[in-house]
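Alright, structures below, take your time with them.
After this come two complexes, each holding chain A, first together with chain B and then together with chain C.
Showing the complex of A and B:
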């Protein structure tokens, strides 16, 4: 079993050997990959396919995930050299052992699946507290050392993962030369509101690329994109690394594709999850706008859809959303954070928001235009650091809830097509107001 | 050099498979012959082999390169006389080389007098020596082996107006082993050659001797009974002789051919061979170790026979569909290289003439459990000619020199039994014995060396095997042990340099002696033994406590 636990008394290669490997491979931080993990990588050797699994106490779901991955590799890539790399944040529920247990070699033949070659499943416990950034960095480092041609990161939480997902995310890279494959799902029309109301339309308007799920826990990428991204600075906090990878692919001119995976299980999120999510997504996006200004400021129109395998559509099953609470949190936020908003927003935008906050439920309407202006003003203020950047991101939370209330209200009885049309309308609004962003971005320079 | 007296000589043997027809022509008629082969025995002795296996040399219409025998008690006139064969046998024995000959039990040529009699009328006494039927609907469970040429196992005989059974080509009618007279006659045939001094038989196509309804007509108990009866007679009347089974079957189906040491002495390990090629291409030991782990134990007096290539196509019958597709794509992209369920190519072209891979494959052939067989010409890296039909592309004349006809024959080129390889890479001007004899680093010299090293110990022929499951799957490592002797074999199946740590704790304190250079490697200590290996490199280490 290839579980990398430094406490295990496996024989260690000499310090000189490990040091030599570190030096040769130019891994910037010597403590980043453990000796034991390096030994596992040496044993795996060069691969064609790498499947990354970031985990932390996922024993409940990881079994079905790794079985689907194993099956996906054997069915779709039986001839390719493949490895499953688990970057674990210190699970205490046996997650790594469940991952490594699906290795197939001459000592452990697959029970009911025929395998042409050895399938390694290795695991490492990275240092520090659980972090998707550190996990992804570990996976990217492994991919680079193993010279993986095509890589995919899979979510350890998926309860409805299908064998085909692996192929859908990897094949465009391995066979067709794409560098990034993001998934699209069939979701409930009220799921992923941050994605549909901000990330997708804003990235589309600014960068000119239509990626419906730019921030996702499942995606495929090429070895060359992974290596390029690994060499970038800014790994310290590791926040929103998935989105940063997407943006790096866009700005680096890499070939991007989407793959439709089917229905995605709904994961319940608590209201308190919003701010961390905003940090990992909107915060990352706003930061990127600063460094990418030369690129996004010159993009005129969004390019056509990236290649995709089928349309996502939307599910219309009943879904319970506490709309009242959204409106209340918006209104409370407007009052309590007024001084903060004065630093961030233009007087007219703030006045309009305050007017909405005072309105009754029936009159409440946070229009698309106002929402786009709000977001753009936040982005410009973030760039200027008018106050602490983290405070700016936190302050966006109540406003997003207000926008979400309006979106839910407007689309309460809408069909899937109507919802798509409304999102498209918002996208166009983001595109139309792009000059406004440039204007507020440059104001005060 | 006298022949060894050991009855288990075949366990230590290194066998060289040779086709009289294409080895050396002594009389300038363009066809190899016994006298030609005899002249080359010194070469074979120098190579270090201890037995030769002669492909069929009997009178035959040669529609299947001699596997269609028309007279079991004679020799084909093209190859010389029976007396020439006797002399060859004697000369080989004088050099310590045993002689294995073919015995095609399953079928004869349709030109054999027995069949001519049998088909002449339904009342002929020999009628029942073959398998006849008024319908071609019997034994439907039997597969067709030569898929590229045959559509049925039954052929219509217009003379006797009935169908006859044939598992191979339609011109090769199967003998009827339910007939005691056939069984008796075939033993008499074998006895004829044994009396002459032949050391062993390679019994061709043995799974198919008996047919039964509602079976696949392979490996039937009745077939095993017949083979056991032949063995019993052999043991009663002769000593130190050997039977080698050609049964292209899965290991579990092969195992019964050894019986309890009372059927065959040896059998080809067909499923291993394609997996060695597969493991090399995949750079993964899994196919090799898996098939060997599935290989059952055999009685102590028995032995597997291992080979890389032979006169037939590289058979892919004993692999899964997925493995077969992989092998075709990797080794026979050009579809003309495919024949039946196999690949009709020689060793060197299969391995892209990569000397390192040729050496590695031979290294495994010589160190895995069993008796290795070298196919003539592979010791110098001969190529093939896929433009020749059937399997003739791997049966071209031996390349002795860069001179006329490669030193094979003094005849005019158009009279040769088969054209020599003439392409720039594998042609006889580039690849020949004479040139390689004169080069210290030639493949031929290397083959001589590995044969010598293999023969320096009995551990490879008779020892046990234990796989060391190194975490690096590109490394195939195993321990061969016999008594107190232990040899560690480490093979790098990869095209790149590899590091491997081996668990040799049981041998802590031993030093490793590399067997080709006799150099000492570090002592086995507390930690796993670290080896770094170049691409396709292999090591044989003798473990020794000092």
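Showing the complex of A and C:
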């Protein structure tokens, strides 16, 4: 059952108005936006800025996030018509009530700042199980209906969100005409290894665009990109929709920018989280490569780096990492999944991986070149569906752990600059071996 | 007496000639049917082989694990085996059709039974192939899940999944073919019961430490730390 919450409703909308909005929506959209939510949207009217908050049981952190958003709007966009849209996945801890219940006065950063417009907060509980894809779809549909010029999606889990984040993600869109703004963060040198060892360098090498955080829970986008993505994207599978939006912006030729936000929260993850994460990111990227082949196969070089106003490099605090376990999981995977790897990898790559798996801890070295070849062969096998595509993605997990082990070992005593140089070296390796991807991609056609 | 013998012989010869005259056209029909059947079966074989190659049937059968079995038995590729099989079944069907024209009593009933058996044979083959495909898919899924979940002896889990599915598939195939139904039912019951009993004993006695570790890992927070990567991939 869908439960919708309302705040600041002004007048009961007529049935005709609801019906008129229904006709604006596609037939498929009607089933996922409830009448009550549509009424709330009608009450809000057109807006300049929309802040999307996808939530699910985030009562612990949502208060500070909403206050930071309200404060950000008061500081940077006091004259603009703004709305906070909460798409909730069925929280049982009162998260939606917290979102709609926080007064604008709570977020006022200074006594001399006042809202010149009503700041609306509306909430809807979308049907089905919690999914970032459905939540984003709800937010995009709301943005389209309210004709929002600039939108931003904020993570409800941020514990260190700052007032400036909203402005940093929205300003390039609202004032400078960009269509997508992705964040960059200051993180520990060993955080986000999938991002630094696969997603960022591969997207940079193939699409020629430097986006350090292509899969993120905080980003800004223009109304036109949102509308285009809403109409284009196949919504049956909501996995990795944030990455799909980034890739759609790249292939659609939209203007993309990055904004440095600050320090990123440390996210606790278990080993079992890796496979779902790979599905949402690498699986989505490999799928996109198939449809975007005409575009990425013709890109020769990456665009030059654009300064994002980032602060100092990676954090270097000591961090306890179970490296032994990473190496063990890699070696076990190589031995046990040999039959699977035979279907995916070339004999030479597999032989090299088997040699590494047999080597001791000191000799263990999963080089950048071999890692890039591995990823490219996986991408080509994914495209050819040599076995189930989901199995191909799952089989990448132990290999990623092996690469993570080498990255940790190589950068154990490295400075922030050294780490950056190593990542840059890997990016260049991805670019250098792009012809290899094209070769394995076309082999057997 | 002599005339009687000659008359009987003549009559017998006449009957033989009449019988032969009756039989010869049927024999010719048999030969024609066999020849036409060979041509048709050959054309079907060639067409089927091409269709299977277009469908990448060999790849499918490799995924199902059928190709490995054929390789071990020094047999050609799966598409070749299937097209040859269809050729022989089709040709044999035409030959049997020709034999039935001969009108040999008793044989016609057997031929009719053969033709009735053919659909069941194809259904059984269909079940067998897709059963092998399912066994291969689920055993690989189990293997990957076990490796990524750090389950001890992942291959044992994978082989167990494959074996259980294949045993089920075989029992369905034999039932479909109507071969030794009772024997298969009893054998299946014994094998399945023995496997479950063995597993129950093995898990009960041998796996108690493993079960304790699993439960501790699942429900006691402090113990879970050892199994964490402690790194965020994103």
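Quick note on the criterion: the second predicted complex is superposed on the first by the 406 of 445 C-alpha atoms of A that agree within 3 Å, B and C clash if a C-alpha of one lies under 4 Å from a C-alpha of the other, contacts with A are read in each partner's own complex, and residues count from 1 in each chain.
Going forward, a contact is a pair of C-beta atoms (placed from the backbone, for glycine too) under 8 Å apart; a residue touches a chain by one contact, two chains touch by 3 or more.
Everything numeric here is computed off the predicted structure, so don't read it as measured data.
Taking chain B and chain C in turn and counting the residues of chain A each one touches, the greater count comes from C.
Within the superposed three-chain model, A:116 lies in touch with chain B and out of touch with chain C [touch as defined at top]. By the touch criterion stated above, A:78 is placed in contact with chain B alone, chain C being left untouched.
When the two complexes are overlaid on their common chain A, residue A:351 makes contact with neither chain B nor chain C. Shared contact residues of chain A with chain B and chain C: none. Residues 2, 11, 13, 39-40, 42-43, 45-46, 78-79, 81, 105-107, 109, 114-118, 120 of chain A are the ones touching chain B in the complex.
Contacts from chain A toward chain C in the complex involve residues 190-195, 215, 266-275, 277-278, 281, 319-322, 325-326, 329, 332-333, 336-337, 339-340, 386-388, 391, 394-395, 397-398, 400-401, 404. Within the complex, the chain C residues that touch chain A are 59, 63, 137, 140-141, 143-150, 154-155, 224, 226-234.
Within the complex formed with chain A, the residues of chain B that make contact are 278, 282-287, 289-290, 293, 320, 322-323, 326, 467, 469-474, 494, 496, 498-499, 501, 526-528, 530.
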